[in-house]
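Think of it as A, B, C and D in the order they're written, each chain with its own count starting at 1.
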């Protein structure tokens, strides 16, 4: 699946010139950092130091990296249960992630969310939550807000192949087309929804066409090739930003670990179809690295590892949320916008 | 829209030889009976004798008639808020309908449902209820039951164009394809969902393709031509019965009255786009009648009117549900299937 | 001040909020229809444009979710469900998403959305078009629930709901739309969580929720003729509800009747009843009475429908039971 | 009889029901997974075929609706929601459809479906993966709700639920799966609507719902050491609930504590508390106590999570409050 192909219904991709070695190295750095963070979390899970359910992104890094490279800091990002990679690629703090996974007060969600609920509003991450498809309509809302305000922001919804089985994703596709929302649907098709292969859930392998009925053009792309992902994302983001409405990207990929936790599926009794061996060869990071012959990676690898160790150390040192404040934040207390009204009558 | 056209994704229609004059007369009879029943209900609504909300089927009769002509008594039918026509075409009792609309004990739903909730389990009408899309997954369930039992029955879900905006209809399309259910989706596209024209709700006029993504073939048909509807329905029912799975029929039509009640839309302040005049000329009943030159319709018309008057009279005479039994039937008391089990331990 | 109907008051509140705050917008079904919202939203699309007044496809889940996302992105959406029954399709965005967001993220974001749901019953509509489901949402942490019964509160609570940084369910009942009273012209807020005493009395406290507050007043009038002096509280907010106001009243009268035109089991009336029974344990002279729907779906047939909905007479009968109880137990009162 | 765990008992009941009645089938998420259902459905697909054990797409609404339709068409489906949180997406088919059908059609059809939902909490899963939402469904006429706490009842209530001609919500809690007791080998039914007294006592009645029934027993043991003799009732069925059993007990002891690991406001504990306070008005020596979750979503962090869930100690403390109350009011007791 080396090339980006557009579907019948989708407009042709604007070809994007090959990226500079610096750009590619930046992507490698980002992806390597995500992978090392995930591997670190895997160890924390295995040792029991992290207890919340963790759905690792290993193998899919090129999608987060390629899409986020096409975004500005102000653009909003929405995700699901498998969103560590989205969070890091969009600029979420590494120690905030580790601290959150460890349940610490300094976590990006204040220790209230764990791995499955991440927030970094300062870099446009308005929420990743694990109810499948939960944030897809929310992303449309952020896009609608941008459209109403004319603020030029784009909203991106990341979700998996299984998520397209939830009906309200289809409702959202229609709303997005109808209101011409500046929205990009990023479907990360890793072929599985939990233990089920796509053939156990659908008849056709055509997720790029999920929006066709609703007039949302779709693009299928090799999700393990960061340049292809970036090229498709630039196209989609460009359409969104210039008022042409939503686009759906189907990024083909594979997760290397089990649905949840640190093990590979085989460990937990789900026998996938021997695809893993094949997909390990399509390693988005290794393959990119192989292309960058001239780079001496050793210092980069060391720098990333150091950053990770420091961030982890910081997270470990951080306190758990203080006792006795468990009842806080059920309701928010941001100032009411209309506080100047006279109260009662 | 005189000809039946299949969409790109759908298999070609098997041409069906022109129907005999007897067959056509039978359809005319059925449609005329539905229309007269609806006109009668319109008068009951206007006079205040009927008080429940009534959504009239006038203008769409060819769809119920054409589809039900392709069904056996054992096949199951599911509908929505606008289902008087479905109920009558499938063989529901006329006096049962009138009595139900008047809230009588002898109504087809025992006076508990009114116009929007009809049942005639003896002729396979397992329920029509007004939550939009509510019965679409239920129809899939009846189809699944038939598949598991191998009883050869087909299930038909009638619903409107607006109903395709509910996500779980798309979920159901996928389930139906995945399990190869003996199910026919009949979308009656009357261009409006309540006061909204389809262009206010969607980008493209392509409802026949609603199932394409899920591999459910679609057929677009002139819903005001009973032969075309029948031909498409025979095709779809044939596919279902022979184990080939679901089909979606988009039947193009128009309702002559307002969304609810007896008036035309103009009376209630919704100005549709002058389409009514155009659609009145496509009267499914008048046009069929015009083709049957040799028939003397006067006695038929009189017979239908007599039947209607008698049925109405019977319904009027019937008692309201007896007081003091309001609390009954919250739970059913059909005998438990496993009653032979020893109770407790 | 001029007399406005409840429906007009809602419409005016919307118009003033839309005029005042560019972040406010509406989405939902029936917004471009001349009759769908019973006059409570007439011509807002004409006055504020169809970009801000979105009459939506029949997609309750995604439309509600979209409004939640817009709220998180800084807007002040009002999502409209012309019938509460339909809103069940949006249970996931409301309960799993909107209600949890503030807590999940330790208050770093919140969801300033108003979810308006109409109880639209009667008229032989039957089981799927009559439900009053406020109790379900009362159970959920992170949601506020208001149920104004009077025109002025209908206006003031809508403004308060829009101003609140949290998800607020605003529940109105079509049977209230013609209730008319003086309503201030300018925009103002009725505080969420505060009940109001509609009639002072000393013998029994009748707490009415939404439309039942009116029937409670009517019942109090009937009772006065019989020499029973009832205090009537219009609860106005269901979550948080005004425990202080209700308990003060019951501690004074020693008797309580909760009137809620919704199902009885595990409903709002159960919560009020349980709380009163525990908190005013020593003051109660008689068991708390609940006047509710029977635990059955709504029928259609007119005779059955009439008998289904509780009346002022039912409240009078419940009060009578509490008064009779007094006599039987006079000596034992604390 | 042989000892079986709760999870094994559920699995056995399914297998026997599937073997006995060709109308029984399963649909839902995780049915072909080795771990999704925590062992309670292991290998049913192998034993009964994937035609009858449908591991479904992530489409809660349509899958539930499909099972309702199959029930109407004569089957006996069990639809499985591996987490109750996800089932909110099926609120429409459950509440608008399944619950109403019998009433709407005057009993001419009914919906013999079992809707199984798992409370799957703890483990730092947080707000969207921990909810115990049984109270929402308890509020709805036309639904039955069972919540077994013991292995034998887990089996017997599943059989009773499948045999019942009505929609039954069968709610189990993953924290119960390792509870082990003797379970008969043959299939049998535990009656829906009947509670069971797990321990006889005279000082206070503790009513435990689902997992809380075990904590109630533990609490009773601790209390016995303090000289307090608690009666423990395992409610087993939430709707209908066994008023007779509970009221008989409270009339005897004069004190009641309801233990429900769910939210407090307008929940099951409110209904029980309100009913007891009204029906045992003269017998109560102290206010009914409720031991519940606080009205907040579930946190994740371990420290917060530990403090979130009620414990046997919380029940003991609640009992102590009712006992102390006695002393304060001894003279006034009826």
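The criterion applied here is as follows: contacts are C-beta pairs under 8 Å (C-beta built on N, C-alpha and C of every residue); 3 or more make two chains touch, one makes a residue touch a chain.
These figures come from a predicted structure and were not determined experimentally.
Ranked by separation of Cα centres from chain B, the top chain is A. More contacting C-beta pairs link the chains of A-C than the other of the two pairs A-C and A-D. Once the centre of each chain is set as its mean CA position, chain A and chain B turn out to be 44 Å apart. The mean-CA centres of chain C and chain D are about 30 angstrom from one another, to the nearest whole unit.
In terms of their C-alpha centroids, the spacing between chain A and chain C amounts to 40 Å.
In terms of their C-alpha centroids, the spacing between chain A and chain D amounts to 37 Å. Across the assembly, chain D contributes residues 57, 59, 61-62, 85, 89, 92, 96, 100, 103-104, 126-128, 141-142, 295-297, 299 that each touch 2 or more other chains. Listed for chain B are residues 111-113, 117, 129, 131, 134, 165-168, 171, 174, 178, 201-202, 330, each touching two or more other chains.
Across the complex, chain D meets chain A through its residues 29-30, 32-36, 55, 57-62, 85-86, 89, 123-129, 294-297, 299-304, 307-308.
Looking at the complex, you find that chain C touches chain D at residues 61, 85, 88-89, 91-92, 95-96, 99-100, 103-104, 126-128, 135-136, 138-142, 239, 263, 265-271, 273-275, 277-279, 281-282, 284, 286-290, 295-297, 299, 329, 332, 334.
Chain A contributes residues 165-171, 174, 177-178, 201-204, 206, 209-210, 212-215 to its touches with chain B in the complex. Contacts from chain B toward chain C in the complex involve residues 51-53, 103-104, 111-114, 116-117, 129-134, 162-163, 165-167, 193-196, 200-202, 268-270, 320-321, 323, 326-327, 330. Here chain A touches chain C in the complex through residues 76, 78, 109-113, 117, 119, 121, 126-127, 129, 131, 134-146, 148-149, 155, 167-168, 171-172, 174-175, 178-179, 328-339, 341-345, going by the rule given at the top.
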